[in-house]
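For reference, the structures are reproduced in the following blocks.
There are two complexes below, and they share chain A, which is joined by chain B in the first and by chain C in the second.
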Partner chain A sequence: MTGNSLDQHMQRYAQRTNGMRASAIRALFAVANRPEVVSLAGGMPYLKSLPLESLAAEAGALVAEEGLVALQYGSGQGIPQLREQICQVMALEGISAHPDDVMVTVGSQMALDLTTRIFCDPGDVILAEAPSYVGALGTFRAYQADVVHVAMDDDGLIPEALFAAIDACAVAGRRVKLLYTIPNFHNPAGVTLSDERRPIIAEICREAGIAVLEDNPYGLLGFDDRLRRALRADDPDNVIYLGSFSKTFAPGLRVGWVLAPHAVREKLVLANEAATLNPPVFNQMLISRYLAKFDWLGQIKAYRNTYAERRDAMLGALQTHMPEGTTWTDPDGGFYVWVTLPEGFDAAAMLPRAVTARVAYVPGTAFYADGLGSRQLRLSYCFPTSERIVEGVRRLAGVLDNELDVMRTFGTSVSRPAVGPASPSPDTA
Partner chain B sequence: MSRHVVVLAGGLSHERDVSLRSGSRLYESLRHHGMEVTLRDVDSDLIPWLIETKPDAAIITLHGGRGENGAIQGILEMVGVPYLGTPAKNCRLAWEKNIAKNLVERSGFTTPSWMSLSHNTFRDLGAGALIDALVGYLGLPLMVKPQHGGSALGASVVRSAGELPAALVGAFAYGEIVVVEIFVDGVELAITVIEEADGARALPAVEIAPSSGIFDYESRYTAGLTTYFTPARLSDEVAAAAADLAIGAHRVLGLRDVSRTDAIASPDGTVHFLEVNVSPGLTETSMLPMSVSAAGRDLGDVYANLVERAIARAV
Partner chain C sequence: MTGNSLDQHMQRYAQRTNGMRASAIRALFAVANRPEVVSLAGGMPYLKSLPLESLAAEAGALVAEEGLVALQYGSGQGIPQLREQICQVMALEGISAHPDDVMVTVGSQMALDLTTRIFCDPGDVILAEAPSYVGALGTFRAYQADVVHVAMDDDGLIPEALFAAIDACAVAGRRVKLLYTIPNFHNPAGVTLSDERRPIIAEICREAGIAVLEDNPYGLLGFDDRLRRALRADDPDNVIYLGSFSKTFAPGLRVGWVLAPHAVREKLVLANEAATLNPPVFNQMLISRYLAKFDWLGQIKAYRNTYAERRDAMLGALQTHMPEGTTWTDPDGGFYVWVTLPEGFDAAAMLPRAVTARVAYVPGTAFYADGLGSRQLRLSYCFPTSERIVEGVRRLAGVLDNELDVMRTFGTSVSRPAVGPASPSPDTA
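Up next is the complex of A and B:
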């Protein structure tokens, strides 16, 4: 008698699907989106502060006035007007770019995918901060690239650690293709690469023949009104720059971009056309109108003020409620605080207990490709109100108390299976 | 006149994701059957909605927590909405795995020896001594699982005493009480019982053969990782014993309309009761729909008939 495995294609899948399995940890995020739960998990912008009525009118006008273009196929590289405007946005961080070298993508996640696709063969090494963005790790894994993490401190990526990682790869005969870095208000770590280190990091990579993939979705969301100079600004030939409207405007539109040296951009456009034909024209045109007609810089300032207030609420609550031995980062912008729990805690194993207590976070292991991060977790302050953030941290403290109680009973050296990086999802973006 | 049925799915348990998939599948099956169906989550608006809407019947596809511990069933009784499934007070018996095992064992069926212990007990009496006593009493290997809930969440097999603390910590993440029972090596079975005009009957048992050897969450909900045989590859005698066990558990626990019993058939032919589900999964990888299909039935038909029974009971 033949059994039924419920998947007749099981023997046909590519090797890269090996990690694509149901996950109890991932399933828990279904609960996180419920209003009863204080979700400190997802990186969702606070869209309530957008001028929704005016945007609705603009979207209607777009269809009425330019519908035959907005609803038609478009250029694989993106519409020229938006690419020009993107250059103006990037100029705020010191980048001088030509619109021809910009390609619009379906969110910067697609740019990550395409860049990995054109650069990496299976087994190639990508250097990435420790920890790093879960969505990037998922993409790198999908292309069977190996991630080697590089340590950070409060000033971001440590140049000596980068040197050491490159040396170690060279000794092992491994081919390093890219350094993937989030220099501003890092996801998940919340730290920012110092001004002093930026040229050093760029030079190390240039000397080693490693391209830099600079991912900068949060650069305009600094709380001190100071704009950091992009790595790309001073190294246009070796830095591939990723930008996004997801955090500064609206993630539902799924519009991001990549700025790349001419030859790289040519390949990216071909890859983009192969993947999607073209990025959504309607969404590009809506963003273009938004940039042209709305006070988008004022909107970013409003976002910044909201997030700064919420960051303060979160840091204050952590100070009040966290047990001794817990540490956390102090972000100057962006969405995230990175928390390190005392020895013995396991943030992934603790997540069911947190869900029972109606609070959610992203376990630290999701942000490492090598199983590290069990004592760490990412908290987002971008979406819940300050009052909800304080309540969420209070609930988290209760979870930690209960977990500590269990650890005291069974010992802190109990080893639990490491939970590998989760697949990227909107809950962990 | 078309019946208006509300399918309750989602909730806030650890199994919300699975519940949403179960509810969605049943919603489609019943719609194809011509019913007016509302798929609804459980939230603070539910009770006013039930009172105002007065659906003809409710089907609970919530897994874990309030969907299986009798809370939602009790609410439906309070607001006077007929529902498909086990009455609230009996849900509580099935929900407590140790009580269900106890009652089924008292009825003459076999269940692996077990202990049900709270975290407080380990803390107050000393984990080391209690773990030693557990291993001494039950032996090895052991199955450790939370007292409440399903989908194998927090469950693990322990093959040495040294693995027991980690397994206990993993189970306590899902609740304050754990069940530690002897691990029986054998053929894993899921047996669905449905009640129809001629009484309760067992559908063909599903034999579960996970490629990893352990039917954990990943193996349950990733198509392709587990092979299912329906009906199970059992001798007629053992198949009959499995059906008897499932019907026996259904009766002794006072279950109603539909249930799924999880069991193990050991090499000597004994069928061991593990636990029972009053709100069995209905996802694409769940066992109840496989049994229904193997019996030559349609899921929508089966549930539509059960809805009529629920409505008739309330009249």
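Up next is the complex of A and C:
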């Protein structure tokens, strides 16, 4: 007897539930939390560098001084003061915006959800990089939107590939609603859209009548001191921008935002109210106090230094330990390295053996809507220390060596063959 | 030029946005916050009775002692400890549940959103009391579900009316997915489903193959000492139960929950992850500490005493001031009195004149999906002091007297006539 045969509601679910399935990342949370496993899987920021003592005092003061507001219902758009501060944060990336056009959300995930909600009917197409953020793919599926992937290389999304994808959709009579893109320190690919391509990508979408959904949680976490100009900075009418405090401050408060053209923002606020009434007021006020009173740019610098050191540790270990034929990206910021294994490997099938060897990663297939990515995997360097990262990569290399042995002995992998043609991986395309 | 003609995205929105519109409550928030207006409109709990000093200490201790967990990503289902405590809270109403079947949400509004998401395709029918919670109607609209209202009387939902509604939908070939009901201290109607009717309502739905969505934010806020047995207590397989800490503790943390049969809960967790990744960990841990360390039942008792006194003040003032022919409900708990004005009044049209007279309420039409309720309005007694409530009702009576004068002089109201037949108001049906 399966669980489903016991489910008396089985005939009652909405069609959209057909596409809902557990993500690879979710299944890994339990594993990743076991202390003996080096988890290179999650995207959890390294919170130990936060000033917890003074944050504690601030959280207490917020309740004591403004508890009657912080613990009460609030505006569906978010508190005005935080929306002003968010405009100041975005100004770092060249964005000139009015607080009226900002809406606070329960993490930028909720902004992703609501934007999809107001734009996408079932069957509408969303263009997204190949690979793309697993959480976005899940949201798009939940609204029965179809993802068409667009190839990247080391300079990010390839304009010619974007143009071709739009063309192919037009020929097939499919309605493309959004380009979903992570221009900076891509999750999972670890690459960044070049300065030269930014206006080209924006123009292609503008001309094609496709709104751009610019997801930028990592933009301030570059390892050089250069700030990348947001797509939104030069195209306020056609770009919907998503930001987050999860990576630059802390994810446990779940505060993100969306900046959208005025008419879009109006619809988003109605959708936000239908979904949550309003984002938590306490969380917004705590972040507002943090931005007003703490050296938040200094904190971001501390995060960057930590992550840069760990990136170096990971790249060094990959260089030392990976078998011949393995390639990987070289991120200038953010949390992730994207690894492509030699022909014959299957990262998803290999995962249980990796976990047995006490190392975890996210298989590449999680980041594709179309089953590609079987030879690929995402490694994150944000959370474990450099020593642990090196040890994790060493363990991973051991697993790969064992797989190679098996393949040499039996002339084939124990795993399923790679699905379809090798997807255009960012480092090899 | 209208706003829409400037909206280059106008042709790109999803069909579901057609039904999205600003709620009457939302438009009133700005008005209600002006100090000279007595707002009988909002459903804000009276937070002044919270122990803010010790809560402040607790919030600080949480960050200092467990900040690395509280500020980090967490489980999409919610933290286990809080889910266990939620089971203890629900046990007060006769519910026996396992923490595995509880999912924490961003307020119970989010639970409402996700339940609708997994059950309702466009055009599916949700049965709901007449009138029903404005926020639920907004959520149902956002998923293009159609609401069919079912009449209430002083004992809540009328079983015969429910049966007839199900029958009518069957004859019309419409697919009914859910009965959405607020059994206790109904928002906005202020009535409570009688003990006798509870098993009957549950059985009708079970027999008809319709899941029950039991929304119970006010259940612990009864003014007698009697606890009403939840529908879920006697029908764990067919009832999905929504709970909230917004009314019994504080809404600014946005923590609610859903208790659902196992297979439904699995789908809900996937939907929760697609929407928010996870509910805010900090907020969950703070409430968990509150439940573990504070006299939360004593706090609920304090709330109840406050609200009972204010209910008395409101009912007394209505008795003293309302014009002949006005009727209202007599709530045993919760926040709201539902008022039906004499023939000829239009509560929505009258609202601007009421606000000019410095009193605010929510017009009855907000609580119907079908345009009824024009002679009705919701008054809340939760937030203003008794003195302010009496003053507010006095002002409202002045507005009604003026309207009556105009009607007598001109033989008609200055307002639009009541829409359709007088809806079956809970106190007159």
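Keep this in mind: the second predicted complex is superposed on the first by the 394 of 429 C-alpha atoms of A that agree within 3 Å, B and C clash if a C-alpha of one lies under 4 Å from a C-alpha of the other, contacts with A are read in each partner's own complex, and residues count from 1 in each chain.
By our rule, a residue touches a chain if its C-beta (ideal position, glycine included) is under 8 Å from a C-beta of that chain, and two chains touch if they have at least 3 such contacts.
These figures come from a predicted structure and were not determined experimentally.
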Touched partner set for A:283, first chain B, second chain C, both or neither: second
Which of chain B and chain C A:405 touches, first, second, both or neither: first
Which superposed partner A:62 touches (first chain B, second chain C, both, neither): second
First, second, both or neither for A:73, with chain B first and chain C second: second
Residue contacts with chain A in the superposition, chain B compared against chain C: C
Touching both chain B and chain C, residues of chain A: 3-4, 6-7, 9-10, 21-23
In the complex, chain A residues that touch chain B: 1, 3-7, 9-10, 21-24, 27-28, 30-31, 34-37, 349-353, 355-356, 358, 405-411, 414-416
For the chain B and chain A complex, residues of the former touching the latter: 10, 12-18, 20, 43, 119, 122-123, 127, 151, 153-154, 165-166, 168-170, 172-175, 207, 209, 217-218, 220-230, 233, 284-285, 290
List of chain C residues in touch with chain A within their complex: 3-4, 6-10, 12-17, 20-23, 26, 29, 42-45, 47-48, 50, 52-53, 55-57, 59-64, 67-76, 106-107, 109-110, 113, 117-121, 124, 135, 138-139, 141-143, 177, 209, 211, 237-238, 246, 250-254, 261-264, 266-267, 270-271, 273-283
